[in-house]
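Each of the next two complexes has subunit A plus one more chain, namely subunit B in the first and subunit C in the second.
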Partner chain A sequence: MAPSTSPIILAEGLSKTYRVAAKDPGLAGTLRHFVQRRYNDVAAVRDVSFQIQPGEMVGFLGPNGAGKTTTLKMLTGLIHPSAGKALVAGYTPHRRQANFLRRITLVMGQKQQLLWDLPALDSLRVNAAVYGIDDAESHRRIHALAEMLDMGNELKRPLRKLSLGQRMKAELLAALLHRPEVLFLDEPTLGLDVNAQARVRSFLADYNQRFGATVLLTSHYMADITALCPRVLLIHEGRLFHDGSLEALTQRLAPCREVRLELAEPWPLDSLRAYGEVESCEGMVVRLLIRRDALTAAVSQLLADLPVRDLEVRDPPIEELIGRLFVQGTLS
Partner chain B sequence: MGNPLGRYLLTLRRLWGTALAMQLEYQANLLLEVVAAIANLIGSLLLLSLFYGGGRALGGWSWPQALVVLGVYTLLEGITSTWLRPNLSTIVGHVQQGTLDFVLLKPIDSQFWLSTTRLSLMGLPEIATGLGLMIWAAAKAGIRTTPWLLCQTLLMLLASGLLLYSLWFLVATTSIWFVKTWNAIEVLRAALSAGRYPISAYPAAVRTLFTMVLPVAFLTTVPAEAMLGRLTLPWLLLSLMVACLGLALSRAFWQFALRFYTSASS
Partner chain C sequence: MRSSAKGSRADGSPRVRPLRPLQHGFRVARALLASQYALMLEFRAEVLLWALAGLVPFVMLAVWIESPAGAALGMGPTQLARYFLAAFVVRQFTVAWVMVVFEEDALQGRLSPMLLQPLHPFWRYLASHVAEQAIRLPFVALIAALFFLVLPWAFWLPTPQRALLALAATILAFLLNFLIQCSMACLCFWSDRVNALERLIFIPMLFLSGMAAPLEAFPPALRRLAEWTPFPLLVHFPAQLLAGGEMNIAAGFTALAVWIAGLLLLVTLLWRAGVKRYGAMGA
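So, the complex of A and B:
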């Protein structure tokens, strides 16, 4: 794939090593730690490289502690990389130049920037001043974003009186007031109920469409990723394992698909084995695992040979696949 | 985008607007704070009148002259409650909660932001009393305030305010490494309370310490000297220099600390 434009996010051999205090448990360990501190080096991100084109929405997957947040922090300039290079919107993030900061935003699901005791509008007015947006323009933008987010009077109520979902929407509004080109979203739907999640999701898709913004999104909820991100980056133990479409990831993680058959009459197990690996056979319901490349042929064969009442082909759920990968800790 | 100065001034105005709104959000709390501040003040005035009663002199300073020093000290205490403590305690909070990230991602100077976001009304009674005490005691000491004298005093008060800010900011900055630095700030406050009395009231060794190491002399004695019309030009210049040095140091130290900041990772 030859990119028509230059990438808006570029990571080249990005690495980060932390020094972490090593403390034994218990009182003795605490005292020893107080007198003589020992440290271990922990590699949080190792040699990660990828490119993201303007306007792309990319999902960033990985278990807790895989290095997602560290990578986001390097790309936003909050942390200096230990090695490698990052380039976002043409800037080196960790220099945190004002013109760079105006082009990006970071939303963290578990942290808030809005003032707890005041209506979001007050915080928004401060942000407008910080970014040098005049009153008329900031009114226009707040109105437009509030409409996209389906928000009304909530912006005038003290933040502490809002629900978690309403607060998250207000946070998004605050993070997007300066109309950034690059959005780094770290668990933006964390803790939200299903409806609120869906609302945030459709807003992000809408925002991406309308402003052509580039989005790099981490989420624990696979539904966020499947709904928004045609492309995913999968990171595990600090290393990049996959960069490509979600389907390709599924194929890589699960070379087989599951075929569920409902038969009109019981069938001998041995002859079923000819079509694929038999996962289960309970009465007249059979579940087979069949390699993707042999799937079409196997299915037509099954339909021709057996008294099939119902046939269903499906992928094992992606959560399960990724979960399995992280338990095994390997990827072929 | 407008000019940067205008942007900073507008930001400041809105920050203070929200800071006041935040205090007014809890009426009862605000009322209690003001009552507490006034009661606190009456207590310390009573105590000092006992100390200084009987027309004693302290280190060559008459009772009214020494009261000018106390006035400056009270004013600085008020500034601390109104401006320094609310802001600099938020630095500690930001580091603990990891929300410093949001500050660092704004296209605005982080030191400016962290030093101006909060404003408390609690110190206002002390500021008023401090100023009143300075004016009243200077008159009692037989000083006729001329515009020149007033300019000098204001300049020295500015220098001492900036110096005090720098000391607070330096200590608050260490929270980047130690996270909890509230005790260090209490130690600083206790040490600075020596500024209640004229510097010459202390033994020579302590005097040197309070001038060279912990610049207590520049905080209260020098502005009081200016008010009393006794400040010499070298001291005036020295005081300005110390204030600028303090500011530069706080700035350099903050930049240095930021390089170490890696934020509480999730």
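So, the complex of A and C:
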């Protein structure tokens, strides 16, 4: 994290409420809706506040519908907040001033800005002109970014002829040609195979290192977050639930730690329950969940009482915790 | 990664020197037109079909030329033929379809990336239209050549002065039609299906623009009514200029200027109000 005092992204009490038409099912509901329309206010983002310093890479997590994309849309100026304040690179995003737009970019994994029927180079020429980058400089940047992204002749082929991974790389190149200071990335690796995901990840890390760009990244792939983001924001039902390190998030989401025991001989299940919650017991391998505050005492007791051949204490994998959260859509 | 005052960036690369607004505008226009022309070339067969779909004036010519009512207009077969050919040519270069693509772009989420670039999205649509017209040009020339092969007695060359005036009027008519479409496209911010408005203006566009009949054929009251709308300016005025018909040229250009100025203001206001309501659906 850069030791700067002025944040490059600032959200203060940011909220967004959508007005959504409510219609009952069936013919009666349709007629009633036609005659007298009813609307419900749906709060997509509620009172979210955080600050991000220049050069930080921050993961933005949350289940579907939690408010991640709405927050990104407010921070990029695509939509106006219903309440609160946003400042990005010193600008109020929703005013969408040209100087603000030159400093940011938004990459959406499933959306494209490049022209589908033309080679990416044609779209890149337009981008270079729009952002006022001269020909020599744009050639230099395209070459440098293509090298970082391990791209070659793909830029000369019509976009529709490229694989999903190649298209994503071309989209990233287009989004970064003007060398934005702030990158908002919404699921940039969605649908990519493992190798392509890894390449995009290493590119983003490299880009951040080289240009000191600030990155706010949403992804359903925890590998993206664990590889890139020392800090994560977790949003749930429109509210910010966590702002801190992944380790701290793990502690909040999982108050217990997992103890894996390999015993010298089988042991009765009932007596194992005295030490903690038995997660599994397969032969002589036992997995126990033990509360963090009782861990030291419980481990000492286990070693004293049982014929332990091997013992390992670990946190449940963050993927599992977040995955469980995404599936359930609830926070305990 | 802030740019330093000395013109270099944190990563050591040279800072991009800002271009003068005119130079920048010219470069953007050139890049947009080149890419849109390449795109339209990919769809040349479709553009040809669109051009052929604009043959309505020739159908109307066949109707009027055979009808006794045609003589009652005070326009002989030669004048009628020239008018309808001119109407065909003008219509080819004044067609606008912003509403359809804007609605689709807004609903599919393609508008969002456009809004995040320091260029108003309508400039892209304008470039698409101009590129499409460039693709249409050879088709229109071919159809005009065929027309003169079939009706050699209708051949004429406008005077250079009339040709220039007709060109200027056609460009302004296109701009007018483009702005009409832009103003209706802005309504997308309030309703998802503004495309239906296209159907609403189809009938007045067909009859009041002079595509179905020259305005001279209208009953006086209907003609006066038509002249209060922008529709005759879209086809009839430039077509009569090209065909060499008699008309009040200054009044026509003044009306075009007034309508364009009014619509520019309207589009600006609608855009400003509408974009605040944008929900970035599908993006």
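Quick note on the criterion: the second predicted complex is superposed on the first by the 276 of 332 C-alpha atoms of A that agree within 3 Å, B and C clash if a C-alpha of one lies under 4 Å from a C-alpha of the other, contacts with A are read in each partner's own complex, and residues count from 1 in each chain.
The rule is short, and it goes like this: contacts are C-beta pairs under 8 Å (C-beta built on N, C-alpha and C of every residue); 3 or more make two chains touch, one makes a residue touch a chain.
Since the structure is predicted, the reported quantities are computational estimates derived from the model, not experimental observations.
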Mind checking the superposed model to see whether subunit B and subunit C fit together on subunit A or clash?
clash
After lining up the shared chain so the two structures overlap, which partner does A:Leu115 touch, if you call subunit B first and subunit C second: first, second, both or neither?
both
Once the shared chain is lined up, is A:Arg125 touching subunit B (first), subunit C (second), both, or neither of them?
both
Taking the superposition as given, does A:Arg210 touch the first partner, subunit B, the second, subunit C, both, or neither?
second
With both complexes overlaid on chain A, does A:Pro54 touch subunit B (first), subunit C (second), both or neither?
second
Determine, under the contact definition given at the top, whether A:Glu137 touches first (subunit B), second (subunit C), both, or neither.
second
For A:Arg179 in the superposed arrangement: first (subunit B), second (subunit C), both or neither?
second
Residues on subunit A in contact with subunit B in one complex and with subunit C in the other?
18, 73, 76-80, 96, 98, 101-102, 104-106, 108, 111-113, 115, 117-118, 122-123, 125-127, 129-132, 134
Touching residues on subunit A, where the partner in the complex is subunit B:
18, 44, 69-70, 73, 76-80, 96, 98-99, 101-102, 104-106, 108, 110-113, 115, 117-118, 122-123, 125-127, 129-132, 134, 158, 186
As the complex stands, subunit B meets subunit A at residues 1-2, 7, 10-11, 13-15, 17-18, 21-22, 25-26, 97-99, 101-102, 104-108, 259, 261-263, 265-266
Would you tell me which residues of subunit C are touching subunit A in their complex?
1-2, 9-11, 13-14, 16-19, 24, 27-28, 30-32, 34-35, 38-39, 42-43, 109-110, 112-119, 276, 278-280, 283
Quick check on the complex: what are the subunit A residues that touch subunit C?
18, 54-55, 73, 76-80, 94, 96, 98, 101-102, 104-106, 108, 111-113, 115, 117-118, 122-123, 125-134, 137, 179, 181, 210-213
